[in-house]
Amino acid sequence: MAKVENSRFRKVGIGWKKVEPVALKPSLKKRLKGKPVFSVIILLFIVTGCLFAGQLANHDPGSFYLQNVNEAPNAEFYFGTDSLGRDIYSMIWYGGRVSISIGLMSMAIISVIGITYGCISGIANAKIDALMMRIAEMANSIPNLLVILLLMAVIGKQDAVTLSFVIGITGWFALARIVRSEVRQIRNSEYVLAARRMGVGFPRIMIRHLIPNFVSSIMFVVVSTISSSMSMESTLSFLGLGLPVDVISWGSMLSLANRALLLDTWWVIIIPGIFLLVTLNCITSLGNFYRKGNTKRHSNL
Amino acid sequence: MGTILEVKNYSLSFDTPEGEIEAVRDVNFSLNEGEILAIVGESGCGKTVLCKSLLKLLPRNARVKSGKAELCGENITAFSERRMRQLRGKQISMVFQDPLTTLNPTIPIGKQITESIRQHQKISHNKAKAHALELLELVGIDHAADRFNLQPHFFSGGMRQRCVLAIALASHPKVLLADEPTTALDVTVQAKMLDLLLSIRKRTGIAILFVSHDLGVVARIADRVAVMYAGKIVEIGTANEIFYDSRHPYTWGLLGAQPALAMKTGELHSIPGMPPVLLNPPPGDTFAVRNKYALAIDYEEAPPMFQISPTHFAATWLLDPRAPHIDPPIFTKRRREE
Amino acid sequence: MIENRKTQLLKKTGLRLLGFLFTMLILSIVVFCFARWAPGDPLQSFYGDAVESMTSEELGAARSRLGLDAPLHVQYAKWVTNALGGNFGLSLKYKKAAMDVVTPLIGNTLILGVTAYLLVFALATLLAVTCALHEDTWLDHIICKIGTGIYYLPPFWLGVVLVLIFSIHLRWFPSSGAYDIGKAGDILNRIRHMILPLIVMIVSHLWYYAYMIRNKLLDELRQDYVFLAKEKGLTKRQIVWRHCLRNVAPTIVSIMAISIPHVLSGTYIAESVFNYPGIGALSIESAKYHDYNLLMILVLIAGALVVLSSIAAQTINEIIDPRMKETGVSAWQR
Amino acid sequence: GNNSSNESKPAATSGSADDLSNTLVYAGESESTINPLLNSHDELPDLIFSGLMKYDGNGKPVYDLAESSTYDDATYTYTFKLRKGIKWHDGTDFSADDVLYTYNVLTKDETLSSSITSNYEDIVSMTAPDQNTVVIKLSQYDAAMMDYFTVGILPKHLTEGQDINTMAFNQTPVGTGRYKFVKWDTAGGMIVLERNEDYYDKVPNIERVIYKTVSNESTKATMLQSGEADLAWLNSKYADSFRKNDSYKNIDFKTADYRGISMDFGTEFWQNNGDSIGVLNDAIDKEAIVKSVLDGHGVAAYSPIQLNRFGGNKSADIYSHDLQKFAEEMAKLGWVKGSDGIYERNGEKFHFTVQVRDYEEERVDIANLCASQLKAAGVDMEVKLVTKFDWDAGYNGFLSGYAAQFDPDMFYKNYVTGASDNTMQYSNTRVDELLTNGRHTKEENKRKEIYQEFETVYAEQPGVVLVAFLDGCYVSVKGLNGLDTTRVLGHHAVGVMWNIENWTLNK
Amino acid sequence: MNQTAILEVKNLKQYFPVSKHLTVKAVDDISFQIRKGEIFGLVGESGSGKSTVARSIMGLYQLTDGEVWFQGNKISDPKVFRSNRRDIQKNMQIIFQDSAAALNPRMTVRNIIAEPMQACRMFVKNKEAMDAKIDKLLDQVGLAKSFRSRYPGELSGGQRQRVAIARSIGTNPDIIIADEPIASLDVSIQAQILTLFQNLQQEYGFAFLFIAHDLSVVRFLSNTVGVMLHGKILEMAETEELFQNPLHPYTKALLSAVPVADPIYERSKKILYYDPSKLSLTGSLQQLSPKHWMFCSPK
């Protein structure tokens, strides 16, 4: 006994035993906690649905079933028909394809232009910065529609890519402003100075040092450009500047709302609305999740 | 001199996604009126968390696991947020670690001080202002009246630190928790600041819990010193006991790491390794893995507090009668006069 | 020192005003050219369907009569000289002075736009503070979820639904117009007409800004000065309202400044859904119908608002937060 | 200036301005000018102004400002005797000078840009022997001239010497009509009219008419539903939603307003393939379109003057929806279906573009349906929505609408080769002959024969694929009485207020 | 120590015009030189312009006046700088005070360390060589290989500072400018880093411009020391000479205020105070002895 005691009190010094903190493996449930599982599933469902629109649709989305005008949802027309007898169910999948791709493409264009412009302006010296911001402000006060009108005419085609391009090119000002102010906050941080000093070029600084550090704070703005692009598309369709009339999108379906409302056909109004809302909300909660993951600190309040 | 603040078996942890961080573990100490107790220890050992938890300024994921803190005999651990609010600033106040960020950058200094005064005393605006000016002068800011309406941006680091002190003193608290109040200052300003604290203590009898990792500063100001490591107080005693007769290997390590000592030998005694992560700490003494003098038992069982003198305690198995005798490094015995 | 700051501020503001005039000049040139390059026939708006039955000689004559055939720079020079004299030309569609088309309507839009604008930011701040005070509780979650949900509703869609419920079924609020017949001076009547448009405008912008402010506030709540404020014994509310909000104010002010065109364009939807006479719809119309002179005025008004407000924002921000001032030399000179 | 004198005259009726019990609120389209010379497609000029003649319920010209007239066959000269004691709304006396002035503007003013000037090309000279007599001399006989004398007369004293196109008068009109203009409230989006108590004929029962300018089709319907309007012209679908509702009345007029696809012969495609327009009629199920888009409120169209009293020749109805027949006809014309199911001839696909104005929902629907039906038959008609027609963009056609509710001569300028309104460059020597003859022929029966022949000739080689004639579906509140549907309305169902003086309102 | 200077600063002035009426003279006419393998310590009160000196040398500001010579090139001349940019970027590296701020929180340790080498076109094509080099660097600064894939946020302050050091020595620079590299570290880690610096100097022959405000640290590490106040170097001497024989009253005050971990001594010690506002701004650095310079005002 005493021997054991003595051996316990022998001097052993550093590193006698490897001491590892016990790492607990969290359960699956715990790992998924707080993650937007539900949103991911729904979004996957909608996106797959749109991708396989051809397989899912049971009617031609462009056809007018004149014998089945304004029918409520039923076994043949799952989501009903509109005032010209188009099948809402099939239109939803085809329309989603167009709307989601326009939303994403415009978002990409807006992000690229807005972030690049904002970064340049944020990093440039006071004079160039002021000039760039003035230009953005000016561009911002010209009615989008006028610019779009001109661009559409110059490009001369009306398809989803052109439309996204045009929406993108007129929609980046706010983002640029926000990015610029974020960049101004981090541009004098030492890691940026150090990188700059080490001869790292601007594009690399932007991609590696600036963007990762402000991306979480512009997340919501970026995500909401998806929704604003979708509704811009519907406004443009409404004005005849959008996609050709036979191309269906959720936006153009929604713009039938006022007509449907007077005709008491709720399914024409509600169903595309629900799809749009659900999709956007799912995308938002993904963005939020990303944002949260980036700010781990707790409130001091 | 009565005890004004007493902390008993105090443990506190944070819930994080990775697990539980035990930031303060079974801490005991008491603070008397007019006394300055210094807490030293390296970064991340839980000094700030301890102070903040006394004021209940911790985020929602912090949780007091056991023990209590008594202020003037009242158990404040159980106080509601509302009662704490009445206490804060008035009975017990704190000088925060980083003066650059603790002042609100957009509000004029004067307003930040009067706000503190008026929160606890129902006095007129002008009176509060007069009082605030007094305070600013007390902490040694000249041209206080001119600077009253300037934002912190226009103050130097040292001045800001002193403003934070002025705010902490605004309502004449009984206990001041000073969390590294001089780290941002250069030595000359730091010396002035320390003298200021000493003189305030002399005048008002305020009790100060002085947190620092600079042993030189502690040597100048503290009556008693507690050495913290990984959330635990590993040694506590009067200043002389700690500086001249320390018993814990960690205290030895701290004292030995002073560059001032390396002048002759040209060799710096650093403590090897890194401070432990407090996430699910392993059993035994957390310092063992960095401890030259570690005993086998250190790796298995945490040591209890051994009493050395009525005021001096240390938590190391080296003090156990069964432990082999170890000569402390010579520098721990050395005094300046020698 | 204080005196210095004041004169400095004045000087800066003066300089900025100069910059403003210059900006307006550039803006007018850009819009002038843009409008004329855009495809379509301005005569359409002048003669309406009659153009369909005009011969090409007639069209040519009409063009030269309206000064549409001169080279671009000549047209612009003419426009500028006239504009400096206060004459902004004739609206092609309305066939009267463009200024006269705008003036009766601008009041309507300003009332609607400014009210919406102020309400949006007041409510956004309120919502943001509520969320920040209750961060990560059910209240915050619910507000966030509902907020985003409603924000994504297309505004024209929402407008139509509101009309169905509140005008047609309940008959609480009118579905169109700015006021009832003969009630132009009746404030209550005007408010009744504004409620539905306001709801649409507010709902379609509110969460965007509320969320931005909320996130800024949450960042702010993670600052150390919150501890100091708490340590003084301030309540949570006091801390958020007095301390955090003040620090977020520059951001809010900047957002407000850049959001003017955004909110103004919101009046377009409200105006067209609720048939509310105003310049929002007019500016879209003028772009669509190539009503150049009208378009110029409207763009200049919008531009002036935007640039002036951004100047104001910068000035306000420098007063609130002296750190905003651009001092020192950029580190990016080489 | 002018309208203050109007307003200063107190309303000689009972009730305050807020009393709306005898005020008709009409939800109409947006307005920019109220001037009978510039604006021939709207209700307002007709209410405020009056002409020498006016149309009666059957669409025949009867006397209005003129009391009587004589016509001298040899010299082609009309002599009008004017009514006496007529006053302008501002109190000034009306006289022959005003008539002369107005017709001078119509025939001589170079700056006037109006679509109707060509109607008066036959006028050679005008004189006013005295204050109550106007003599108008033509160069040759013109069967439609009496119709064209219905144009509203402008007050010389208020408009002389001004640019007719842009004068302020256009927004503050003063006339001699049944209602006088009170105020144009732009900020409120309404135009206020008050009945003319000094009207020389029957003074209307309804005290005030408020014309609300509405830019959105569906808003007109919601305004009716929310009680903000008493009368509006709606498209047939919206109108249908009121039929079940007891508090509203549906008043369905016949109109001469057709919708069709007009082909532009100025474009290369139709120059090559102009022979293949008529056959398209076989591929379009017009009945189905009438049934679905118009909810049955209209008729399938076969002739542009089908509903005119001179037209309606059933033997001109030579097409029917029959894909079999269509395929045969196409084969005869030399078209062969390509691999993509679209016909080809001489290496050219049967593909053409059609511009469609987007603000009228029915137009868009009709275009879409036609495109889809033609596509099913093998013809690719591409629909391009535009806000305003763009004639320079090279579209092959447009979705057109027009009406000849009065004299069929209204089509002369559209179909005669090189005529002023023949913008689609339609050309057919037989049609030219017939329409010219129709214009200068006096006897009604002969004219009828001519126009019926025109119908058959045109049907064989049409420039427009006619789709349907619309009904003019008006909806009013229950208390509005007196609307008379005997009158055939014009383009956009205009003319509903032709007998407004007989209407009564009981809210 | 009689090799030629690799870095020489001559009459460096760096003014910041804050407003029309106020110009901050952050650095006001200072000169010094650093030889190969030498550690030059720069001390002074906070705000005295130490960091500005470092940044000016690094070329982050437009110099107000003066010259910076690096290996015989006058790099303060933008033309010379531009033509030698690669060389300068490779051979002059900086370590900042706050390692948390100096490392991009969104990059892995590997990428952080690799960045300057990539910028200098080292190992462009050869990923293995780069990885080997990174492992070697980590080893040099005493970190395990496993740190490669971590993010700065997952590291302790001392580890972060090591990463920053590894980053700066990756390109084998001739001189490292260390701007208060240990100020944010606690005592035990400080000692480790100081030892590391010592090793780097002795084994690899790096020269340092070592900025600190802790005099005892500077005394331990550096060969030569300069004392700064209000943008001026007040005293400059070989380390022991300065500490044994301080001449300028401000240096004396500083030395007297250095806290020592000895309570009895500390409580009784007399601190000399020096009012910085008394400093006359006219004058120049005079050589008083071969290894000792002091700022003297013309009497």
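Order of writing sets the labels: A, B, C, D and E. Residues in every chain begin at 1.
By our rule, a contact is a pair of C-beta atoms (placed from the backbone, for glycine too) under 8 Å apart; a residue touches a chain by one contact, two chains touch by 3 or more.
For clarity, every value in this text was computed on a predicted model and none was experimentally measured.
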item	value
Those chains which touch subunit B and also touch subunit A	C, E
Subunit D and subunit A - chains in contact with each	C
Between B-C and A-E, the pair joined by more C-beta contacts	B-C
Of all other chains, the one whose Cα centre sits farthest from subunit B	D
Farthest chain (mean CA position) relative to subunit E	D
Whole-Å gap between the CA centroids of subunit B and subunit E	30
Averaged-CA centre spacing for the pair subunit D and subunit C, given as whole angstrom	40
Mean-CA-position distance for subunit E and subunit D (Å)	88
Centroid distance [mean C-alpha coordinates] between subunit D and subunit B, Å	91
Junction residues of subunit B, two or more chains touched	57, 60, 272
Subunit E: positions in contact with at least two other chains	59-60
Residues of subunit D touching at least two other chains	216, 218, 222, 225, 387
In the complex with subunit D, residue positions of subunit C that touch it	39-41, 44-55, 58, 62, 65, 90, 93-96, 101, 104-105, 107-108, 160, 163-164, 167-168, 171, 174-179, 181-184, 272-277, 281, 288-289
Partner subunit B, residues of subunit A touching it in the complex	5-17, 19-24, 298-300
Partner subunit A, residues of subunit E touching it in the complex	58-60, 85-86, 89, 93-94, 96-98, 101-107, 111, 115-116, 118-120
Residues of subunit C defined as touching subunit B within the complex	1-2, 136, 223-225, 227-235, 242-243, 246-247, 249-250, 320-323
Residues of subunit C that touch subunit A when the two form their complex	19, 23, 26-27, 30-31, 34-35, 37-40, 132-133, 135-136, 144-145, 148-149, 151-157, 160-161, 163-164, 208, 211-212, 215, 218-219, 221-224, 226-227, 230, 236, 239-240, 251, 254, 258-259, 261-262, 265, 273, 283-284, 287-288, 295, 298-299, 302-303, 305-307, 310, 326, 329-333
